[in-house]
Structure formats: C-alpha cells, structure tokens
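Next, two complexes with chain A in common: one pairs it with chain B, the other with chain C.
After this line comes the complex of A and B, so read on.
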C-alpha cells in the first residue's frame, strides 16, 4: 500500500496550493485584461456529466491515468528496495556478531551487535595490531587506489592515443585494428591476467611451474614484472582501453571539425589547438572512462587474485573466512568509493557547458600524415600488440589444454608433438589414473556442462529482467523529465553501475543469506538484474530522449491506448537500443565472475568453476573453460552483430 | 458547437511564468492564431488547451465540457478531448507507411470497419492530394508531402477542434504560401475550429479571423487582424504587426481643444487631429483608475500564500526610433511627462510628392515591381515608406514627402498605450 498512500500525500500537498490559488481567481478576475477587447467570462457552474467526487480523488485518478506515472512509481519502489536493502544489510553485518569468527571469540558474544569489528580493524595499539592494521586495511586500500588509478591512466593514454590514430591519421589497417582492439573488453577480465602468468611466471622467481618464456627460452622476468601491482594495472588497463577507445573515438569522430579549423584559421599553434579545444572536447569521455574504469578495477577480484596482489577484493575473500564482520567493512569501504564516483559523475555531467558534438558541414578534418614509413610502422606495432591481447590468449589457452602437466613445454624443447596429450579433453573412464583427481575429460564432464547451462540460464534471465526494467525506467524517466521522483529513480537504477562488483556481490551474499536463498539461481538472477539494469536504462534513456515527445503525443491525441503506442510506435522505433538493452546484460553476465562468486557454490556456474578447478590444480580444465567461454562470447557477439546493429562495442559507449 | 474558454489560466515553472493569467474565448468555427515572439507562451497555451501540458491553475472548457479545472481537480487527458493536433515537425511515425499513419487513429475507433477506414483514408488523402503516396514511408516524402500527410492524419478522425503548432515553418517560402491558402480552404471545408500558433505575423494576418497577440506570457491584444493592424492597443502590438514595421517618432506637445500641437522629427511643428474626440487629460485619469485596480488585484494575488514571485517581470516595451547609421534603431525609454508622445506611422501613409511638407534624402530604395520600400532620411531620423507602383529612386536623391491618411497613431510615452488615431499635418 505504500504506493497509494505516497500518491495521496503528494496530491494533498498539491491540492493545498491549488485551492489557495483558485480562491484568488475570483478576486483577480479580468483586471489584467484591461488592455484587450475581450471580457473574461464568469466561472460557469460545473456542467452536468462532468466527473463527480472529491478533487483529491480526481487528481489521483488523473495522475495514474498516465501509465508512465504508475509504472514509474512501481519501478521506483522496486529499484529502491532492491538497491538499498542489500547496501544496508552490509552495514548491519559490520556490527553483527558472527559466531565462530573473531568478533564472537573476543567479545564472548554469540549473537547480537558489537562495534568490535570497526575498532579492531583500525586498532594500532601494539606491534601485532599495527601489522594487522596494515595487512587487513591500510595496504589493501592503498594498493586498490594505486591499481585503479594506474589502470585509468593506462586505459586513457593507450585507448585515447589509439583513438586519435584511428580517427585522425592516415594509419594503415584501421578497420582491422579497430575491430581487434575491442577484443580484450569482450573477453573475460581475467583472460589477460592468466595469459600474463602463463607467459612470464617461473619457478625460480615466483615459485610454482614455469611459464612459456622460462621453460622454452630460459628467460626469467623479475618478480615485480610477473605479479603484483605492475601486471595488475597493465592487464586491467588493457581490458578497459577498449572502453576509452570507443568513448574518445566517438567524440573524435563526431566532433565538428569546424571547431578546430576555426582555431587553425586564427593561426593557433598546434599544441594550443589540442590543449584548448580538442582536449576540452574529449573531457567528458575521459571523465566517464575514469569513473567506470576506477570503480570497475576496484571491484575486480580475478585479476589481482591471479596476479597475487593484495587489494580490497582479494583481502575481502581471505578475511571472510574468520573475520566476516571486518571483511564487510572492506565492502563498505568499496561502496563509499562507489558513491564518491556517483557524486563525481553527477558533478561532471551537470555542468553548464554543453558539449554537443554533432557534426556540422565539414565532414572530416584533413588526416594527419604519419609519413610513408610511419603509417606502416605504427600500424605494424599495433598489429603485434593487439595480437597478444586477442588471438594469442586463445592460442595460449588451447595450448595449455594439451600440455601433459602445467608448464611442461617439452614438446617445444625437444619432445615433439608426441609429448602433447588430449587426455584433458577426452578421458571418459579410468578416473584413477592420469592425475585427473577423479574428473572426466572436459567433453564428458557433466559438472562443466551443467555450469555452462547454469551460466546461460543466469545470463538469459538477468538480461530479460534487467533489459525490461531498464527499458521501462528509461521510458518513464524520459516522459517525466522534470520530475524529481523520476530523477531519483534514474539515479537509483544507475547506482549499481559505479558500485564495485565485489561489493554488490557481498551485499547480495548477506542479503541472500538472510533471506535463505543463498546458492539459488534466484539470488544470482536478482544480483545480475540489479547490477545490469544501468546498461539497459542508460541505453534506453539516451535513445528515448532523442525521440521527440510529439511522436507519442500525436498518438495520444488520437486516443490510442498505451500498450498499442508502445508496441506499434515506441518499440519499433527504438528497436536497436532496446535489443542492446537486453544484449549488453546478457553478454556481460556470461563472463561475470566477481559478482557471482560469493553467491553460490563453486560448481553452480561456469565462471566460479574456474576457481574450483584452479584450487584442485586442474589448470588444463580452467584453460579449456576459458577457451570455451571466449569462443562462446565471440559467437554470441557475431550473431548479435549479424541480427541487429546493436553490438557490445557500440553499446558500451552509452555514457 | 465547440467554443473554447480559458479562464485565468496560468502556467509557471518555479518562478518563470510561461503563461500568466490568460483569459479568452475562442468562438466556434473561428480561426484564431496565437501570435508573438518566440518564448512568449503561445505554444504552451495551445498545448494546455489540447491537454498535452497541465496548467498550474485556471480553467479550460471546450464546448460545454470542463477539460481542466485546478480548483475542482479536473484534468481530462488529451486522448479524451477529441481534438486534432498538427505538430511543427509533423511527428509522423517513421515505422509506418503513409496509409498506416493515417489509418492508425481510426483503427482504434471501434465504430470504424475496415472498409470504412479505407474509405476515410482515401477521402482525406484526396483532400490534401497525397493519394499516390499511400504506400510510401515518411522518409521517402518531401517536406511538403510529409506536411500533407500530417494534415490528413489529423483530419481523419474528424476533430471538431484543430490545433496547429507552427505547421508551416518547416516549409520553403513558396510552398508555405501555397499551404496557407489550402489551410484557409480546409477551415471552410471542415467547419472546424482552428487554433493556430505562429510567430509569423503575415501568416496570422492572412489566415486568422482573430489574432491573440502575446508577449512574455501575457495577452496583449485579442482582436481581428485588421483591428490589431489599425488600432494596436500599445507600442508592442503596433511594432509586432506590420511589415515593413511601423515608424515611431518621439513627439512632445499639448492638447489645445481637439487638436494636439506637437514637435517631432527634430523640431518640426505638427498638428495631430484625432478621428474621435479624446481629452488627453481625462484619458490619463481613466488609465490611472484602471491601473490602480490592476495594482490592487495583483497585490491581493501576491499576498496569497503559495504565490510565487514572477521572475520574468513585465518590463516596458522598448520601442525603437530609426536613426541613420544605427542598425535596428535606438531603443527608447518611457518618460514621466504626460506631454511626451510617440507617433506611429505605417509605411503606407508616407507619400512622396513634390508638394510634400517634409524634405528628405533617399537613404535606401528597394523596388519589388509591385511596390518600392524606401527609407527617407530627415535630419538624423529615418522614415520607412512603401510607395506603390514602379517608382525608381536613386540613393542620395532629394525628395519631398507628406504623412497622409487618418490612420496615424498617437501613443502615450508614459505608458506606451494608444491614445487615439487620427491625421497629422504640418502646423
């Protein structure tokens, strides 16, 4: 019933204003009309047949006679609860006593509430405490901020430079490079981290088995290069550079060349044109890249996990075993970062400067000439670089699945192809042998196929829900542009976008556990839906705002019912953005690990199964799964591209 | 049948009053144009009548049905007001063919069978001559054709009231003229009430039975086109209507008997004879009483709780006096003295003849064949005149001219309002 009472209160407030104003009519009458020739007619009594009942009731009915209003109310309540409830449950978890964990042991409580977790985490009273403080709180925080900031920098410089080359110079192979540059973003985030490891690790430096370089060429990369901060931010930066390329590239491409030409005509130095005109124009794109990359990097678990770097996410997972309450504080910390990002986003997008970049008459500036050699040379460098971030990972994963043991590259060093094995794929019996820990080969392994099916099911259901809700939110908000409530709903729906994945995962873990739906598909689907609504609501809002209101008004005036207006007019026109509102969540959920890993047992879906097989030491299995995931995503992407013009690389630009 | 009545309709966004306390009656079968500079509230007014925008307060009736009443909480949604609306950018549905666009609204009306729909679509398509395009999509039509489709779509359900929001402003000049006369014919043929928004005063003059002239959300004058032209209530109305624009000259003087002795255009002594007897001193008294009442009611209105201060305050219209070497003329302030006047001279009242009372130099001359628009420089002032017939003047040529006719306007420079019309002659 909150819906009805809410509206009632709202309408009562408005009624107050109206009735006061209306009493004024009688007095004011026609006086302001002293100049014109008409005489205002006296208020006629209400004619027979007009609606009866109290004005309040009538006003409520009028308000809800517009479907977007009722819909907005319902969506607002749903989105608010599903977004805020998990956030609050984390906060409460930080002061809850967890039996069997540190807080219970030290306080002697078995249930109830305590602030022990907060005070203990920041306690620096003794040498041991000081160490714990650094290990559990300070170092992960500093590391996380460092890693996220450097990832942003890397992504913007690398992606922005590439965007400039592709849009503004006469670089060769533009089309190929542009397509291949997006690859890292389509692949699961940890792909490059695993590849990095497989390439550079060595038992002499990092322990464990040898990587390709160490085994074959006896090249031992230094430790800082193999794991820790450096590879973490490079991998994340590479992953998100595709994102900054798309955003910055779109502005470069659409920017009215007249803007720069006008400065050139005024004899402005080149660096000045760039710093005073070009750079300010791409600032919004840079800002949105920073916001997204920062919060995504911060919430990433697999990358620092594989590259053995202590961040808030990896520390959370380690601490959640016996310091659950303190781990939740780390999640709160990530949330706070997320909220800071949201505020920053609000501040940067609500400025007075409007960066409309729709092209004017001049189609394109003259391309910068890189020189006869330069255009080939730079292109070749990028061809090689992108090879390592696109095709090589697949090759590497494939190779790993044929090695008899991890790091056993003997087929290259002299063993020949006989040293390779297909046992990881096709073993269907003899479980006790072959060092397979009782698992059947990938092709016969029902755990893996069930995991795949589970992942598909979660992705499809989340996409269906997120796409529908997001599209409707976009529609309702676009229809109620000036309303504060609409803005609130929009922000609520957008909040999860900048929330670190792991923090959202933690929130739903605590929320789901208390609701008794831990380890169910339902919980995974709810989490996925909430996290991915922003994809759909952004895409939908942006395109709905482009659509003139008059298109729908001209149907309203002809008394065409709402559902018919939606099905026959709005949906057909907005087809591609609506489809991308469904496809983006689907494609993202298909390769999502961080969000889901706390919400279910490891064998429920395929991405969490990676951890399962890694822990078992079955690296060939994880490689096979990675390979299959990448191929699945590529196929899906190709199908979507073929069927519609909505693709991942187009959609993620949706601000 | 459908008479439209607006009573004290106000629309504001926070402190900005888009439409301020508007009351007017649109008669059945009228062709009313809402005219005014951009941002004056004319489109908002139209959208409020159609129900696409909700007024902040006031009351709107169409026929004998109350469509909106803030006090009674009535707000009939646009779909149940049975009106037609023609949008400025046509708002054709790009995903439907011309036939589907026109038929869509009818399909929704259960009283129409499939055959009847087809017959009706063909009928309206014939009216606007688009019968051969029915299978095309909007994007495959030219601007003029899209416009016709939009009209056909609006006409199809036979609305008794038709609203149009600058329907011709997206067309080229020639097509606009053509469509103008077709709209006029359509008005007669359909017998519907037309309410038409435009910022083009020529369109308003030629089409309307009545013009509703607005500025800054406030109704300035509601009158027949020629009434507005010949008897503008104030300097704004006089200036906005008429092309080329009216000439304004500052004048000072006093009334002696019926006549007003004036000094104008430097210090030329002139005599203004009002067509209808008017006592200026008495006129000012009446004005003062009316102003006091207005001030009183607006004070009551402001004293009410919930009243929001109007940010876009009404300021005195800054009329311009044309001077040589100054583009667009010099904006003039109102004066305090009751002896200060503004004389308004429509360009067609300027006659060039050898016996003319004034001597001037031709500043510019623009012949179109049918008439010639000349700017005459007299001292530092410029007077625009329209000379009918194929007259040729050379720039710099010295000519003599008269200000003829009894349509010369005498405005008060104190409040900008029209005191009288009459004739002007040299003293």
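After this line comes the complex of A and C, so read on.
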C-alpha cells in the first residue's frame, strides 16, 4: 500500500477521535470560523536528518528543513507588512501637513509634519473648540459605540433566539425559515437602510415626500423611528442576526444535551436550566458574535449615512474635506477599537478553556416541545417577520425597477398598472430623456455590466489569493503550535478582520495613492485579500488542528516531497474547509462596498456603482443591481453546497 | 524570535519610509524664482496656448496615438465628451487609436488622488474636470500641482470673459436654484428669507458632503451677495423682520472675528446660521428632485441643481408642474440660487499634456465638446457660442406645459435684476473658509 494511502487511512482513523464541536470552533456547515487565536498544545517535532557544522547553522538548517517553517517565515513577513504598512500610512497621515486643510492654514506650513491635528481635535479651550470637539470626535465616538453595541444586542437576541428555535425545538417550517433568515446577510447592508427609508419616511415627519406606508396607508412613523440611532442599529442588527444565527446555531446544534437533561430530571426550573447551563455553553459563540458584529457595525459607513446618524465613519468622510489629518485620526481610533477587539478576543478565548469539558460531542440532543399550537404559532411569527426582513426587500427591489419615477407608487394610488414601465430595463438609447438621467436601461447599460464583471474579477482574485495565503497560514501555524512566531503570524493574519472596513479602506487608500495604484484592480485585490485572509486562515487552522502529524509523518518517511504531501494528502482530506476558505471571501467580496469605496472610481465595480445610483436616487438601477447580486450569491451558495456539501445555513437547521 | 522581530521591524520601517517619502514629496509652494523659465508640462501649456484647435489636434494625434489618456473628474459626462473628442481626432486621422479612460472618484477623494498622483513616482492623470473653487485654490493652485491652460480659440471667441472664467479655466457654470412644491397655495417663497423661516426645512445636500454648498455659504458673506440678503431683509413684513432680527443681532459680534467686511455681513451670517440649522439634508439632488415633484411634498422646498427637473416622468403623483422656480415668480427678492463651476486643469505631471490641452480646448470651444452638458437646462458654458437655447424647454407642442423648465439663461440668472445667482469665487472662498468653515460647523450643531 503506498505511503500516502496509509497516511490517508491513518488520518481518517485519527479524525474520528477529534471532537467536532469543541466550543473553540464554530462550525458553519463545513465552514469553520473561530476567534481562537491561541494554538493547541504542542506535538513532538519530527527530527529530520542530522545536519553538521556550527550549532547555529545546524539549528538553522534543521529549522528550514521543514517547509512549513520557511513558509511561515515568508508568510509572516508578507502578512505583517501588508497588514501593518497601511496602518503606518494612516498614522503618518495624522501628522502630515495637508495643504488646504486646517493643519496647513493654522500652522502656516505647506509641507512636513506637525502634531497640530492631534492637539486640535481634542482641544476644548474655548466654546467653539468645545463644540468642534463634540461634533468631530466625542459625539461620533459615543454614537458609534452605541450603535455597534445595540446592533450586537439585537443580532444576538434575534439571531440567537431563532437559532435556538431552529436547532433545539420542534419549530415548524425550519428548512424554509433557515434559508430565508440569512437573506439580509446576502444583501449589501445599506440596501435595507434604503428600503427602511422608503418605507417609513413621510412628508409630515421627515420632510420631502411620503414613503410607502404614509402614501398608501397614511401611517406616519415618528422621527426617531425613521432616522437616527434606532433604524441604524435595527438595520445592522438585522443584517448581522444571520451571522449570529450561524455562529450560535452551530453551537446549539452540536451541544451536549446530557447536562440539560440531568437538570430537568432534578426538577430544575426552566429559566435556571437556561441561565445556568445553556447560556454558559453558548457564551463563546456569543462572544464571537459580539466581537465580529461590533467591529463590523463600527466600520459601516452607508447605513448611518443613509439614516442620518453621525458616526466615526460618516464623520471621517465629512472631515476629509478640510480636516484630512484629523479624519485620519478617526480612522486610527477605529483601528484602536479593532485592536481592543483582538485583545478581548485573546482574553475570551483563553478563558474559554473552562468550557471544553462540557462541549464534547454527545450526539444526544433532544428537541424542546413547543406545544401543538406553539410550534405553529412561533413559526408563523417568524414567517411574518422574515416576510418583512427578507422577502419584502426583494419584492421592493423588483417592484422599484418598474416604477415610472424612483419611489413613485402612483399605480397603487390611482394610476393603475398602466403607470408601471419597463424603461429601466429596456431603454436602448439615451436620446429621449425619459426620466432616466441619461442612463441606458439595465440590459443595455454597459457601465453596469462592466462594473459587475469588475466586482466578479476582484472577488475571484481576492478569494484566490486570500484562500491560498490563508490556507497556508493555517497549515503552518497548526504545524508550529508551540511557536510564538506562529501565534504572532496567526494574530496578524486575523487582525484585518477585526478592523472596521472603512478604516482598512482608508489605510489602503493612503497606501495605494502614494504607490500610484489607486483605481486599479490590483489595489482592490490586495485590500480584499488582506481583509479576507482571516476567513481562510480560520477555516484552515481549525481543520488542520484536527489532523494528526502522523498523517504526514508516514509520507515523510517515504520521502514524499512537501508539495506532493499537500496536494495528495492534506488538501484532499480537508477539501471542504479549504474550498470554504476560498468561497467565503468570494461571496463577501462580491457584495463589499465600504472597504472598496475609497479605492476606485465609482463605476469600477458594481457595489460602488450601486451606491452611486442609490445616492443619486436612481433606485431602479440600484434595485436591479441588488437583485443581480443576490441571485449571484444564491447561485454561488448552491454551487458550493453542491461541490463541498457546505452552505451558509446548512448544518444548523436548514437541511 | 528576536531575529524575526528585527526583520519585521526593519521591513516595516522600510515600508513606512517609502510611504513617508511618497507622501512628503514636493508639496511646497512653487518657487516663484523658478517660474521664469518654464519647463515640462508648463512649457507645453505655454506653447499650446498659442495654437489653434487644428494645430493642437495634430499634436494630440502625434502624442497619444495608440495610448490611453487618463482623465479624472466630478462629472460622469466627461466620458461622453471624451467619446466625441476621439471621434473628432479620428475624423482628422482615421488611423488614430488613442483612448480616454474617464474616472469619477467618490466625493472629495479627487483632491487626494490628484495630489498623490502628482507626488508619486508614476503619473496617471493627464487632465481633470474638477469642482469646488475653494479646495482647488488651496490644495491645487497654491501648491502648483494643477496648472491652468487657456486655449487660444476660447480666448478669441466672442463673448468670453477671460477674467471671470479663465483663471482657472471654467468649462461651465452650474446653477443650483431655490424651488418649491406649489400644491400648497399658502406656501409663500417670494423672498430668500422665506427658506429660513421657523417652520421651513428646505431639502439640500449636506454642506460637508458636497463642499460647493459650503462655498455658497462662504460667498454669501461677500459684500455684493450680503447686500442682496440685506435688500431682501428690508422687504420683509415687520413681524418677520423682528423674528430674524434676533439672529442678526446674535451673530453681529462674530463678523469682525471672522475677518468679514461690509456692513451687511451680519445678515449673511444670520441667514447662514438659520439655513444650516434647518435644512433637511439629503444624499444627492436626484432624490430631492424625486421627492419635491410628488403630490405628497406639498409646500416643501429645495435648493438643487436646476437640470434635475429634466428627468421627471409625468405620473398621477409626480409632475414637473408641481414645482415653481422661486426666482421666476414676479416680485421675488434675494438670490435665486447659486452657481458653481466645473474647471478644467492639467496636472503638472501630466503624461500626455498635448492631448490633455487638445481635449480641454475641444470641450470649451466646440459644440460637440460641450454637448454632453449643453443639452440640459441650468449649465452654461463660459463660451456663449456653444451654449444651447433652453428658454422653451417647457413647451410641448407649442403649449407652455412645464414653465419651470424654461431656462432664462446665464445672463438673466446672474444679473442683479434677474436671478441674482451667488457665483463661486475661488479666491474669496479660500480667503474666508479657514474661519468660516468652523463657524458654520458649530452653528450647524447648535
């Protein structure tokens, strides 16, 4: 029997011993996402050869005789530079004099460096300065923290409760609800904000014209409901509740039910079972959700922008006109939050060891009976809720592409169906204005299709690069579990994920502009790669940790080269996780806007174009693009599902 | 481990130094002692300024055949003009295969990009179509990063005002005008102060997201325009005067501190303060127009680009007839809106300066070159010969169906007896912006 086959068999036997549902890893179907940045206890290194010469040379030779060591060094350097160099660019920008900005005007300098931006931003020495401090720094900071925290809370409560219902109860329509629940996560996040705006605005409350509810039903929502903090965190919470559902649902599904059953046998009250047993067991998933949703919400620009809420991101864009250096300080502030997230992540994952004893795979899960009526009633409530959060936006997008003017629902208020039009799709010339702002219909609009192709290209290339680098990082880190360097590389590769997208975008904007690669696919792909490496490195690391070294050792004894071991043994065994490490970045990059919006012209990729159409009020085009994106993501999800048996919701309750 | 850290730190330092050197290149003010002898792009511009379009086009063909010119601009219609320009060159030389790649960056990033392009080792952008006189003056002209070019054929054209529109060269003046939904018969917008009454919330783009709006506020403090506001104030009924007088008195003390001149500046400050605290901020003029024309927006008002009205599709709930242009009313007093300009300039590091000069000249001297913008109301070339007449655009089959669309033209809009547009002056805006910008931001947050 060939060595590789032996190893393969050994590996399969070995894998059976591993717990699939250690709370350290949150399995998303076959996609493993974990915030674990520590590495497992070491396995004995395999001595290879016996080099001669000086002790130093011998150690170096021994070290580099293992390909994973050399690879880890190279990857570490690459990941460190590509992650930190843009961050350094931002830091330098905060002390650089910007002609035409206040730093230049007040210091009289046209070039060079100054600390004016730092001192001026926090200056509260006069009434005017006090107001500027509040407007430019304090209020956006407080608003950002509030919005992010409430988004987390909303996402965890809504998504977590839904996850519990799907995984631990006899709820009806599980398959349908599970699939439909993650729709908001597939859409670009601000599209829900636009839908919210168009639904609830009213002339009497927000000024301008009536939205759908006011126009058709004469319902006028209060101002706090239409714009500001409330809709911002609800929209972000809805968007990320799918994320929360996926993370918490994976734990619920694999959770050992023995403890809960024991508690029930001992007549423990239900609330006590939940608070003393269930909740502690899902704490790691909740912490993961908090960290990821908090940092993602904090970096969101379009949602607060459309819903008129001043946050660090919206203020960054506004201040870049004449306070560019101070705007960069806001980006630094967001990055500091990212680093705090990383530290918090370290603390929570290290403390999480205490949970491992209760999260071993049991396989004994028992569904909670919601009652004959309850299972239907609760399911119906969620059917209605998802109708508004998932189906209504889709319906709204489709309908918008047939309205005569953006937001013109005259066909409902007396115009009849003849008011509807197909002009947004089939106009093939721009000689007649036709209310289209000089644009051709979607089917003939080469700008839209070029943007779509551009986005596809960026997503594919970013995924390819991020997937490859991330997989190798995961492999090398798993192979050097005891090494502090491995830990450092692991953290460095994960850092961009916790950095707000806009802050990463700003960093690459400054970096790319100074390197002369602004508005190139190269810059977009580099930014996408760095931002999404964590998807692949997490998936890879988690799966590689499940592989015993014995698998490779038998092949090493047979002198099988490293690349062959990878291609013939490692990759085939962990195929699903590795493919997921490519597909997740792809699907995320396909709908990414905040990260890319400063890096290219507005027509380069479809999401920036979508945002352009939304800002211009051409909702028919933005809606059509939204539909295109959602359909593409659904197709991709189906293809991944077919190829790897993994999908966003599968494995939780969807199938 | 230590070694690895040292290597990492060294690499980071190298990378950051690269960033520093790239960022801190030649950013200083151009040395006037060196300007006597023109070199590089400046020298080419000097030569180009003496050439006719035909001569320039031949130079462009020679320079850029088979190459791609990268243009960057605030208007997406630059791409349409580029297509017409390439066609014009191909009419001269059918074998010409040059291209123009048009880039429209988001919001304010055009200034950062142009500066970065000029200071980086490689240069992409050959020309720009750029707005916001204040930032152009402070970030581009004062640094010498953008050079001005005045085409000969434009300078020689009839009706061109080189002083007003030549430095920097203006492609066009775009107008944003006050308008309101006329379905509420009680709504009275016959005075510019009507837009800042207690219950008024005109729709307008955020002044920090579209800085030309902030420039409009700066320009209101200029003595001529402050005078317009004072004259309008004097026409108000006594009760309204009393209401606004409180604000006028409140801000009067700020005039000298802000370095403003003229006895009427306090009226400008009062109007500005009321405006920034009351306007209803929107993301763009497009959605504002979409809202204003609907029946449900009865009595609402806005200050938006005039040309947006062209894109209204008539329906039972939306119509251009629902909108009245404030300045078109008999007896309207005060500014009817403001005008800002699209400027055409050449980076000092332009890779294809001859082609850039030819393209710019094409846009400001030829009908086809300006047609992308000229076909609409509210946009006026600085060269009257290539403007189109839109005074009857509201007529359908001889009937004046959409009066709001009958553009009265640049001369009417800018006259003291007509629309009294507040025109952007880069030098004045740059002069007052340093202090006034913060004052406006503080006022907006109060």
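Basically, the second predicted complex is superposed on the first by the 566 of 655 C-alpha atoms of A that agree within 3 Å, B and C clash if a C-alpha of one lies under 4 Å from a C-alpha of the other, contacts with A are read in each partner's own complex, and residues count from 1 in each chain.
The rule is simple: a residue touches a chain if its C-beta (ideal position, glycine included) is under 8 Å from a C-beta of that chain, and two chains touch if they have at least 3 such contacts.
These numbers were taken from a predicted model, which means no experiment stands behind them.
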**Fill in**
chain A contact check, chain B vs chain C, more residues touched by chain C
**Prompt:** When the two structures are overlaid on chain A, which partner does A:548 contact: first (chain B), second (chain C), both, or neither?
**Reply:** first
**Request:** Considering only touches as defined above, state whether A:56 meets chain B (first), chain C (second), both or neither.
**Result:** first
**Request:** Answer with first, second, both or neither: which of chain B and chain C does A:558 touch in the superposed model?
**Result:** first
**Message:** For A:572, using the defined touch cut-off, is the partner it touches chain B, chain C, both, or neither? Pick first, second, both or neither.
**Reply:** first
**Request:** May I ask you to decide whether A:65 touches chain B, chain C, both, or neither, giving the answer as first, second, both or neither?
**Result:** first
**Asked** Once the shared chain is lined up, is A:283 touching chain B (first), chain C (second), both, or neither of them?
**Response** neither
**Asked** Which residues of chain B touch chain A in their complex?
**Response** 5, 7-8, 10, 13, 20-21, 23-25, 50, 52, 56-59, 61, 64-66, 69-75, 77-85, 87-89, 91, 93-96, 104-105, 108-109, 153, 157, 218-223, 227, 233-234, 290-291, 293-294, 297-298, 300-301, 304-307, 417
**Item:** Sites on chain A touched by chain B in the complex
**Value:** 15-25, 27-38, 40-41, 43-44, 46-47, 49-51, 54-59, 62, 65-66, 482, 548, 550-551, 553-561, 564, 568-569, 572-573
**Residues of chain C defined as touching chain A within the complex** = 1, 4, 7-8, 11-12, 15-16, 18-20, 22-24, 27-29, 72, 76-77, 103-109, 111-113, 115-117, 119-124, 135, 138-140, 142-143, 201, 203, 206, 208-209, 211, 214, 280-284, 286-294, 296-298, 300, 310-318, 433-434, 437-439, 441-442, 445-446
**chain A to chain C touching residues, read off their complex** = 73, 76-77, 80-81, 84-85, 88-89, 92-93, 96-100, 102, 104-106, 110-113, 128, 131-132, 134-135, 203, 206-210, 214-215, 305-306, 308, 317-322, 324, 404-410, 413-415, 419, 421, 433-438, 484-485, 509-511, 513-516, 518-519, 597-598, 600-603, 608, 612, 614-618
